[in-house]
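Got a structure for you, questions after.
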Amino acid sequence: MSGLALQNVVKEFGAFRAVNNVDLTVPHGTFVCMLGPSGCGKTTLLRMIAGLDLPTDGAIRLDGEDITRVPTHKRNLGMVFQSLALFPHLTVGENIAYPLRIRGKAKEEQKKRVDELLAMIHLSGYADRPVAKLSGGQRQRVAIARALSISPKLFLLDEPLSALDAKLREAMQVELRQLQQKLGITTIVVTHDQREAMTMADTVVVMNGGEIRQAASPIEIYRRPADSFVADFIGQTNLLDVQADSAGGAAVLGHVVPGLVLPAGASKGTLSVRPEDVHLTAPGAGALTGKVTFVRDLGGTIETFVDIAGRQIVAVSTPRERPEVTVGQEVGIALTPDVCVVLKK
Amino acid sequence: MRREPPQTPGDYAPLLFPAAMLTIFFVVPFGTMIAVSFFQRQQGGFYTPAFVFDNYARFLSAFFGGVLGFSLMLAITVAICCVVLALPFTYMLTRMSRKVQVVWLVALLSILSLSEVIIGFAWSTLFSRTAGITNILVALGIMAEAKALTPSFGAVLTGMVYQAFPYTVLVLFPALVRLDPTLTEAARTLGASPLKAFFTVVVPALRNTITATLIMVFIFALGSYLLPQLLGRPQHWTLSVLITDQAIYQSNMPFAAAMAVFLVLVTLGLVALTVIAGRKGEAA
Amino acid sequence: MTSIFRRAYFFAIGLFLSLPLIVVAGVSVNQKQTLAFPPQGFSLSWYGEIFLNPEWRNALFASVTLAVLSAALAVAIALPLSWFLWRRIAPWANIFQLLGVAPFTLPPVITALGMLTFWATVGSYGQPWTAVVSHAIFFVTLPLVTLSLGFTSIDRSLVEAASTMGADERTIFRTVVLPLILPYIVSGYAFAFVLSLNEYIVAYMTVGFTVETLPIKIFNALRYGYTPTMASVTVLFVTTAAVIFGLVARFGDLPKLLGAMSTDGK
């Protein structure tokens, strides 16, 4: 099989289990983002793929070959570190040529490849500059070019954009994704920024507590979160208790939502409703009725906080569809079954 | 690369040469010295292997008690003088521009590296009748005629403070650089004068550092072997001078070794005290 | 502290530190062989004496040879040791770090006497090379401290990055670690060199009767009365030390080498 496969990978640091039985298949040429809160094991997983940490148990295969115990320097990787790890004693060109130099490639070949890569990252003519003289975004690009100089089988990035300011980060996300598509290289990025993951990935892997909670396409993760952790971690959501009623339907906060059914055999569950799917109506017209407690007008969108029997629900709307509501006003909330996701307990 | 335990015997290879050198040329000589301290002295020659406590028993005389007492007293005086002089100096130095700091550090290092022979020679010149400071005082009309200020206890003390002062500054420097400058700024905004801020904020904050520095300078001063000889009278000789004297001029190696072992024990005891003081500082 | 007080205090300390050297510098330019200050007449012949008088010249040569070799040996001991301690987790190996720091921490007489008894016991007493080994052990502390500091300042992700790019342990050392640690090797060598040049007691107790280094020569000369050559040698030594430490400061980060890590951020 072509691509990367993790099989029952476990990593323990003393008594602490940082990565617990991870199974993951990354087909050749896909862009995977590993997403999760800090300490969820995503960086440890990446380091094991790179060979910088050895798994306590399990196997890592690349194109069918078991590389679990292969030393890092024999894996033909490209990796971008969070600190970028550019060599301060080398120039931009020497940094990019480093993987070629230690493989004993001819000087002319090195130079040709460096020029190619510098053109690719829009830094032609920068070869002789010291890395310390570059801006944050330029250093970022150099680190990426250096990792790609041998055309590696695997491209690994550990929080690569975290040091950049918000605007530059967004631009780099797009650039990185386009670069990856052009090269068709199998890429794994570790990040804690869900926007970043949504922008770049073919597959988003959400991790928590050393385990994979869901691995799917960004839109699938957003629309059909596997559990309440994923629903809450990706984007904003309203988590509500839902109970089966005697008529075979389901009730949220005591109000029956027409058409909503729980999985067979379940008597209660948790419902996830995205704020943009919550529609405000006149009181009594929707399934639920509550009181507006706060309105946050962000210009592009408006968030309305509604209190229903002590539970808070957030609704997001655009100014054009904005209902005229004020704090203290009674409003109705309409829920339709197609926007409600019943989560596994 | 994460630090990892050595995997194969080959991983220990870099340790081989340093470990061998330090073992053969430091641990073994040290052991030899301890062994010799129990040997029997041979008149006119070196020594013969034996196991006697005679060399240690000689300490119990009033003469060596006096020398030890004087050595400790001198080292303590030097340590106190140095810390008192160096603490405000180093504190102010760390608040100066980097350029000024570097110039002073270069000067201090140069003086610290000076041979005791040279320091002794320089001060004996300065304290001499023909070329000394008294000539300046005479020229200024303060003194009637030039005179020699050495040998004297004052000369020994001055020379040793001169020798240990740069060391004291360099020991204090890292701790004082790390001292949060907003501490004194906070004290100033609360109404303390600069001097008051120094004594009420900086000195208490550095209590453990000061203790540790005192002990380190004390050990350093204890090692002074030439200045008491060059600038003082025989009654100003310290244990270090006596060890040199016994080893070289009296050819009594076993006794010199016994005194050296004793000096090591005193020093190690003090290092242990420093470590304990440091631990307490961290805990506080 | 107010600036007037600070200036006065720094001036007083500066005077205290420089006064003996000023007097010695003055004495060194006396016309005749007298120890007068202010100097009587002006002559640089006492500087020429260091190089022209065979006794002083030999002593200078002996001292420089000793310092060059022993500092190199000290670095050769310190480099693999500090690298190993940085690279590996081996708590018991810290004992060698302790052994490396001990000779310099203990009163010098003790190391000197230990060396004397050792060389006498193995029968090499008085051989010139024993002084090289003795000084290397005595001063190994200095490169050990600068190198340990240097290694802690190397970002470990640089080493990891090199390995992801295909470099094995040996290549990493040659292409990444060595270039980054080089300034610390140089300053460690410089410290050991200057201190070895000035060292008296260990040299005296090991080879004092066969080789005359400059400090030994000065001490011996002191016993037979003063000569302005001592003064000129002293000036030469202070200048050498100042130049070497000045170079270290010029090309390296002296405050950091002396343990002031936090100045980096400024």
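In this document, chain identifiers A, B and C correspond to the written order of the chains, with residue numbering beginning at 1 in each.
Everything that follows uses one rule, which is that contacts are C-beta pairs under 8 Å (C-beta built on N, C-alpha and C of every residue); 3 or more make two chains touch, one makes a residue touch a chain.
Computed from a predicted model, the values in this text were never measured in an experiment.
Under the contact definition, chain A and chain B share the contacting chains C.
Here the chain at the heart of the structure, going by C-alpha means, is C.
Centre-to-centre, using mean CA coordinates, chain A is 60 Å away from chain B. One simple way to say how far apart two chains are is to compare their mean CA positions; for chain B and chain C this gives 17 Å.
Averaging C-alpha coordinates per chain places the centre of chain A 56 Å away from that of chain C. Counting partner chains per residue, chain A shows two or more touched chains at residues 52. Residues of chain C in contact with at least two other chains: 160, 163. Shown for chain B are the residues that touch two or more other chains, namely 1-2.
Those residues of chain A that touch chain C in the shared complex are 50-52, 71-79, 81-83, 85, 87-89, 98-99, 101-103, 146-147, 150, 156.
In the complex of the two chains, the chain C residues touching chain A come out as 155, 157-158, 160-168, 171, 175-176, 179-180. Across the complex, chain C meets chain B through its residues 1-2, 6, 9-10, 13, 16-17, 19-21, 23-24, 26-27, 34-38, 76-78, 80-81, 83-84, 86-90, 93, 96, 99-100, 102-103, 105-118, 120-121, 133-134, 136-137, 140, 156, 159-160, 163, 172, 191, 194-195, 197-201, 204-205, 208, 215-216, 218-219, 222, 226, 230-231, 233-234, 237-238, 241-242, 245-246, 249, 254-255, 258-263, 266.
If you check the complex, the residues on chain B that touch chain C are 1-6, 11-12, 14-15, 17-19, 21-23, 25-30, 32-33, 36, 46, 85, 88-89, 92, 94, 98, 101-102, 105-111, 113-123, 125-126, 128, 130-133, 135, 162, 165-166, 170, 173-174, 177-178, 194-195, 198, 219, 222-223, 225-226, 230, 240, 243-244, 247-248, 253, 256-257, 260, 263-264, 267, 271.
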